[in-house]
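Going by the order they are written in, the chains are A, B, C and D; count residues from 1 in each one.
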Amino acid sequence: MKENRVYEIDDRKEVLFHNNVDFCIGTGRMGLALQQAYQDQLRMVQDEIGFRHIRGHGLFSDDMAIYQEYEDASGVKRAEYNFTYLDMVMDSYRKCGLKPFLELGFMPDKMASGKQTIFYWKGNVTPPKDYQAWCDLVCATLRHLMERYGEEEVLTWPIEVWNEPNLPGFWKDADMEEYFKLFHRTFDAIKALNVRFRVGGPAICGVEDELWIREFLNYCRKEKLMPDFITRHHYTTEFPKPEGHYGYAALSDAEQGFDNLRSTRDIIDSFEEYRGLEIHITEFNTSYIPNCPLHDTNQNAAYIAQQLSRLGDVNESYSYWTFGDIFEEQGVPFTPFHGGFGLVANGCIPKPTFWTFRFYKELCGKCVHKSDDMVIVSTENGGYQGIAWNAAGKRQDRELQFDLVFPAVKGKEYSLIKKTVDEDTCNPLRMWHDMGEPASLDEKQKKLLQDCARPFISGNRLAASEEKLSVSLTVKEFGVVYFELQPIKAENDRGFDYNRAVLN
Amino acid sequence: MKENRVYEIDDRKEVLFHNNVDFCIGTGRMGLALQQAYQDQLRMVQDEIGFRHIRGHGLFSDDMAIYQEYEDASGVKRAEYNFTYLDMVMDSYRKCGLKPFLELGFMPDKMASGKQTIFYWKGNVTPPKDYQAWCDLVCATLRHLMERYGEEEVLTWPIEVWNEPNLPGFWKDADMEEYFKLFHRTFDAIKALNVRFRVGGPAICGVEDELWIREFLNYCRKEKLMPDFITRHHYTTEFPKPEGHYGYAALSDAEQGFDNLRSTRDIIDSFEEYRGLEIHITEFNTSYIPNCPLHDTNQNAAYIAQQLSRLGDVNESYSYWTFGDIFEEQGVPFTPFHGGFGLVANGCIPKPTFWTFRFYKELCGKCVHKSDDMVIVSTENGGYQGIAWNAAGKRQDRELQFDLVFPAVKGKEYSLIKKTVDEDTCNPLRMWHDMGEPASLDEKQKKLLQDCARPFISGNRLAASEEKLSVSLTVKEFGVVYFELQPIKAENDRGFDYNRAVLN
Amino acid sequence: MKENRVYEIDDRKEVLFHNNVDFCIGTGRMGLALQQAYQDQLRMVQDEIGFRHIRGHGLFSDDMAIYQEYEDASGVKRAEYNFTYLDMVMDSYRKCGLKPFLELGFMPDKMASGKQTIFYWKGNVTPPKDYQAWCDLVCATLRHLMERYGEEEVLTWPIEVWNEPNLPGFWKDADMEEYFKLFHRTFDAIKALNVRFRVGGPAICGVEDELWIREFLNYCRKEKLMPDFITRHHYTTEFPKPEGHYGYAALSDAEQGFDNLRSTRDIIDSFEEYRGLEIHITEFNTSYIPNCPLHDTNQNAAYIAQQLSRLGDVNESYSYWTFGDIFEEQGVPFTPFHGGFGLVANGCIPKPTFWTFRFYKELCGKCVHKSDDMVIVSTENGGYQGIAWNAAGKRQDRELQFDLVFPAVKGKEYSLIKKTVDEDTCNPLRMWHDMGEPASLDEKQKKLLQDCARPFISGNRLAASEEKLSVSLTVKEFGVVYFELQPIKAENDRGFDYNRAVLN
Amino acid sequence: MKENRVYEIDDRKEVLFHNNVDFCIGTGRMGLALQQAYQDQLRMVQDEIGFRHIRGHGLFSDDMAIYQEYEDASGVKRAEYNFTYLDMVMDSYRKCGLKPFLELGFMPDKMASGKQTIFYWKGNVTPPKDYQAWCDLVCATLRHLMERYGEEEVLTWPIEVWNEPNLPGFWKDADMEEYFKLFHRTFDAIKALNVRFRVGGPAICGVEDELWIREFLNYCRKEKLMPDFITRHHYTTEFPKPEGHYGYAALSDAEQGFDNLRSTRDIIDSFEEYRGLEIHITEFNTSYIPNCPLHDTNQNAAYIAQQLSRLGDVNESYSYWTFGDIFEEQGVPFTPFHGGFGLVANGCIPKPTFWTFRFYKELCGKCVHKSDDMVIVSTENGGYQGIAWNAAGKRQDRELQFDLVFPAVKGKEYSLIKKTVDEDTCNPLRMWHDMGEPASLDEKQKKLLQDCARPFISGNRLAASEEKLSVSLTVKEFGVVYFELQPIKAENDRGFDYNRAVLN
């Protein structure tokens, strides 16, 4: 099936498109940042895409070893803080050009009021035995960071209190009142340290989210708290069906998700005090489980392409969960392609969705077109960049054919570069399947998978015979195509004739 | 136009195919090896292809600064040798895993009997004023190398006396008798140093080549010399037509070239003493000029694919001229794609022909098929590797369709990997043209050209329903396709279902 | 206080010195090998010293995630093995040129018969619930390794069963009979897989060691087992005195330790069947606690220098515990210099003992002198290498003055190179103290500590006026000095006069 | 002989010290920047010292291949410009964080009015045949650079017209009038391109320098030219005595040199129009020949230490000639230590003078002391940095003992770090001599020389018992000592006791 789209570009108008694709990226728990493979994947992501912040769980979990206790000479229990691993992690982020988006949690075992944990790696999700000890820990950590990295620098790191307290798995009994207490105490302690810190919450996911947002703001208003921003999460699949190590989930309707985000915006704006308060989506992805094969597909890449065109509409930022597949929430994956959240599969293999981010990072200019399957910006030098996608929610064998007309300078030559990521050109999951789904990759296999996981690049040279230029693009099902149309200064070395070179 | 080929593979027979693709590679003059860009290109070639020897001109030319003279206290002129640059060059080769194939030449100005030079970089091509001084220089150099790199190591470096003395541009008056004298004196001096050195000549190109080979061997027989090998060159285009900085040359009929090589073999074998003596083609390429745009095309890659399938038939080795485009024989090139000899264009951009070599380097097994457009080997583990090419001498819009049948194990699954280099998938020259033929590349342009200059990779998973397996390949005009058919141990992680992942 | 030593070297005799310094090195638990900082330190150690094997605990501990269980469709519990992390660790070792010396342990929680654990990282030290499950795990792991790295390669990796079963902390109740059972079952399972695997034990430390060795061999004899080697540990300090995060331990008399090793040898040799059986000291160091400041001192370096001169006397190999300070047995260290076992402190700062190993690695030749404070070998080219140390057990302000006389070629010139590591020249612990003992190092501080942690190098040029050459060396307290005396071919460039250059 | 210095530091006063040590560094001819060894040395210099500009000869010499001519269809000779190598060189500088200080010269052969050349590498030193062609070349080059690197960036690159025209070797007949013409035409052409370019001259060395400066300014005044700065050179040895490949030169009295610089300043200031015009010393060193063994000595390092303390007194900048020893003015050096100008010897071995620059680069603060053998600055955090040197013009066996008293905070602890470069601690020339002066270094020898060529570092921890702190320093003959006195926040981990660790 083939569908046609005809778009004529008018570069005088500007279309709403808040492209903040590189603001933040998610990560497996902080302690994993000590790992070499994690760092290799992160460096690759930063080299090609380059995010500005990174956010993940587990800052205060025991593998980071920050919170320690001992008995002093008189037998009194005292706290001491160990920042050895914290320094290593933060140094590594900074070396990659990243600032943390600090998420405060989970509870150190020794400080916890209970034994409930979450995940394979056992993050304790109970409130502190002693809120003062918690606030001391938070402040000691921030003070240490300011000492090491400079006060002004650390003040630019946003701080979020806890993660998904609206789920009983993440916060004991999903106890709303207790969370508000945690928020209040933490907020006050940080602001007392330096009022310029930016602190937000409640970091909820899409379960009773409207209730939580509303109650949170009611609480803040009552307590005269002015959070610096609101945070929430955004996942867009149906419930997954489990099978062995995996869960299979169908994509939900994208519009439904955008409506949900719109509601959050509206609720906030309905509070006079909080109207226009920044919303940060501190996690988003299609499926919310780290073993959903969908994440590794081209379909995921195309669906996310649409998300990225609109997530900035009512939100300040949106952080994809996660950059890589060094991740242990459900245990250690058995194979490189195991449906992890990452943009990169283990073995440093970019997944199709990696390129969706890369393409959005390229866009730099004024938006002149945005539709359900394409976004185009005009660039300073008189050219255009765009992304087209074919994101049918289900497989339907649909090919999209775009006929674009751009304003152009008559007589000028233009270079058209296309980068195509679709099931035929950039599909490492399929190559891995073709190789027999090996669990252990040798170096040659890794290289082959990396090599086949790159966009297909093609070019063209067009002359504008009038004041406009027509460009055609075909996007196969689940494909994402980046293109760049740039006026060129055609040079020609003395005696060089391309046609003579190739048309002999 | 479409042409079909049907090949049924019988893996019990063995076909003649002496695949010595990695034995030796050519280089611009030795002094250029001091350059960083040269080394960058060489490292890239070695990382991906990995040759064993390297051969080029200019070992004794003045920019290498080896031969020096001074007056001693009593006013007598004396020689002294400076090995500073030689050490740097040899160290750099060895770091890349390369041994030199030493070419002795050209003449240091101070030792030369005349002023005639060749090339932009002015290599002196006249005989020595004093043959003893020449022999001293050769021996001092070899002694130094043995001291630095070990005698046993240096004895594995073949030595060739001079370059193309049958051309008056390379050897004053193409004086045959004088060359024989040079060879004789040099040969004797080296053998006196260590009889195990392997010394050969006469390094001729295809002008009066039969006469030269015959006379050279007559001379050797008369003088009772036993050269260790014979060397010659092999270029396969018509005379180039000059235009500005460039020369345009048409490919000559490949068979004509193979016949010429066969003649050399026959002449040698007609001398009883020299029957079966090794022949090394110490230079080959399509065109013999370093500014022939043909070198940068896909056509060149396909033509060379055929060459590589047959050059080993009567020759021990064949050295492509050259690995990279840091090369100054006609001056410094003005643009990255200037028709240089190299496998790599300036900016570290692999040309299509680069991949032809890479593909041949992959082949490792017994040859089971060789025809005008394909070579196939069987591998130890029950699989196959092959290369197909579409090397029409002139553009004729011909597509080749191969239908291959391989022996297989019934019920077994096979993985088929294809790497395609053709005008649509891997054509940096065209991309550069589409960009407007920029003379100065910025980093982004370089990256784009590098990224578009890689084979297109695709895969497939096939089950053998009987004792044979059918495989189809399409090769577009001037295309080269590498493929690998390997039996796989299909693994399957608990719960993983590829089809369920992608066919939702 | 100054003491003199006068040694005249006779290069015709050979002295017992089995220098196997690079055979094996210890490491923190296997799972830590996933960390970047661990790898950085390991690479540094391998670049400068270059060990051949590496041995550590925790192969089967839960952070390696190898052993997993699930219920099949019919509700039966089944084992499955996850080799994702194992591959990463082994790949990283091999990239550093290391083969593992496999220690089988500790017990996966799900397979364990009890809950007793050891260390901050909670290694389970109870016997398996089911010995067959244990053997299956061992064999599945070995089979996987052979598949990935090749059977011949993996057969060169020694295998040791468990660690220090003679301590109740490491093996429940230090139950000897249970250990013998573990050994027997494991030994049989591995040999059934491939009889060429080399399997040993009992990996004991110095507590009731003689009893254990004797009983182990009695058991083996009775059961007709032929272990491929015997393993034990070797630590040489008194009981440490605890204080805060640290323990302070005094060095014990070295001779006492050597006697202890001698006894082990004698016991083994008293069994006819096992006479001459290889002994591998799979751990040694001064103190056995990972928080003993002694490890970071020059005194440690000097003491170990003596150890290395004699540990090979009755043992095949001896593995220093450990290469680096990424180590968590007592928790995460608070500061870079915390008395860890490592040759390298966190921040990639070599400790003095690092150089002791580097110096021994240099020695390459026939031993011509060995005494309590010096070892000397003669080298192939007519020179000598030696190490001198000043290893007083306690500080006593003693300086050692060595007067050495070497055989020499009259009239020949010699180059003498000395590398000195003592409290004044190479003492990063002191520099760190002088800096104020900072817990968090910034980049500049790290660099300063690295820069000050290198041997002081000095040279001399000596002419032998007769058939002997006198050389003097001074070694300060706790100093270690490496020296090299080599005949030189003095060259002299035309016109160069060193004295004129510097004595103007 | 021992001499004492007693300095009491008063940190309220400020002493004149214009420390512009990192403004510019010299280089061998531009074409050498293509070489890998050149780049390796440059990277090392930039990593450790980090200059901001680089200046050398040969921008327009033929090996850079910029200026080319061809005949057009009608037989008319035309110019064309080749920027291939220029791009490579400039890219490499920028990758090292360097901007060029452009020196315009020498003359392309094809544009030259004569055949006179200078140096082994034959730079043509005659005026252009056609001044318009010269101006076209200059402008085409600048235009190209602006296009590639951005106009604003290139405008920050100073431009100097020619080199040492007051010497007949560098400018035919040292023809003053012709030089003024060259300056005028070039100046006008560049300013017409962009008036914001900064253009200066006359780049003279110390021969008839006063006459030249005066006449140059007279000419400029007459022609109403306002050069942006004045340039001159500064060398400080007597005439060298030649011997074989070398020249031996004695240092001249430093004060004489400073007086000479003062005169230039005075002459300029005597012109009302040019009073205060910036002076850039675009070359300085001790000896002006590239084969003077003095350059490789500690004496050179100490002498330069004094120079660096005062060269900024009347000059804006001063550029050491040169960063490295890839340099060919007298031919290719035969050995690594051949008395080259470089801070780094071939083989990437830092010479003592390298560290003098490194030390001055460290200084960052207000100057509180400057004398003939020491400079001290106070730093923001309440500490001090200083450099002391012992720069006797001739060897006199003098040791300097400094007794320094600093203001301090009573009760505070200070860390004192010293880095010592003297003949005993950091003297690679001597080590090379001790090794037998090998012309060809193997990797092990290179490593040894690099390792012995580093400052000796020592530390101390001092407590201020009153409002002042006494510090003693000893500087051996030809020594240079850097020190840093910094208040520390002494930390102490729970239970750690340094003295207990080392005083057992």
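The rule we apply is simple: contacts are C-beta pairs under 8 Å (C-beta built on N, C-alpha and C of every residue); 3 or more make two chains touch, one makes a residue touch a chain.
From a predicted model like this one, the values you see are computed outputs, not experimental measurements.
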Which chains, if any, touch chain A and chain C both?
-> B, D
Angle, in degrees to the nearest 5, of the Cα rotation that carries chain B onto chain D | 180
Where chain C and chain D touch, do the two copies share over half of their residue numbers, giving same, or under half, giving different?
-> same
Distance from chain D to chain B - Cα centre to Cα centre, in angstrom = 45
Chain B-chain C separation of Cα centroids, rounded to whole Å | 48
Residues of chain D whose C-beta touches two or more other chains = 80, 334-335, 439, 494
Contacting residues of chain C [partner chain A, same complex] | 34-39, 65, 68, 70, 80, 82-85, 87-88, 92, 144, 147-148, 244, 331-335, 346, 439-440, 442
State the interface residues of chain C toward chain B in the complex, per the touch definition above.
-> 70, 80, 494
Please name which positions on chain A make contact with chain B in the complex.
-> 242-246, 248, 250-251, 293-294, 296-297, 299, 334-335, 338-339, 394-395, 413, 415-417, 423-425, 429-431, 433-439, 448, 451-452, 454-461, 488-498, 500-504
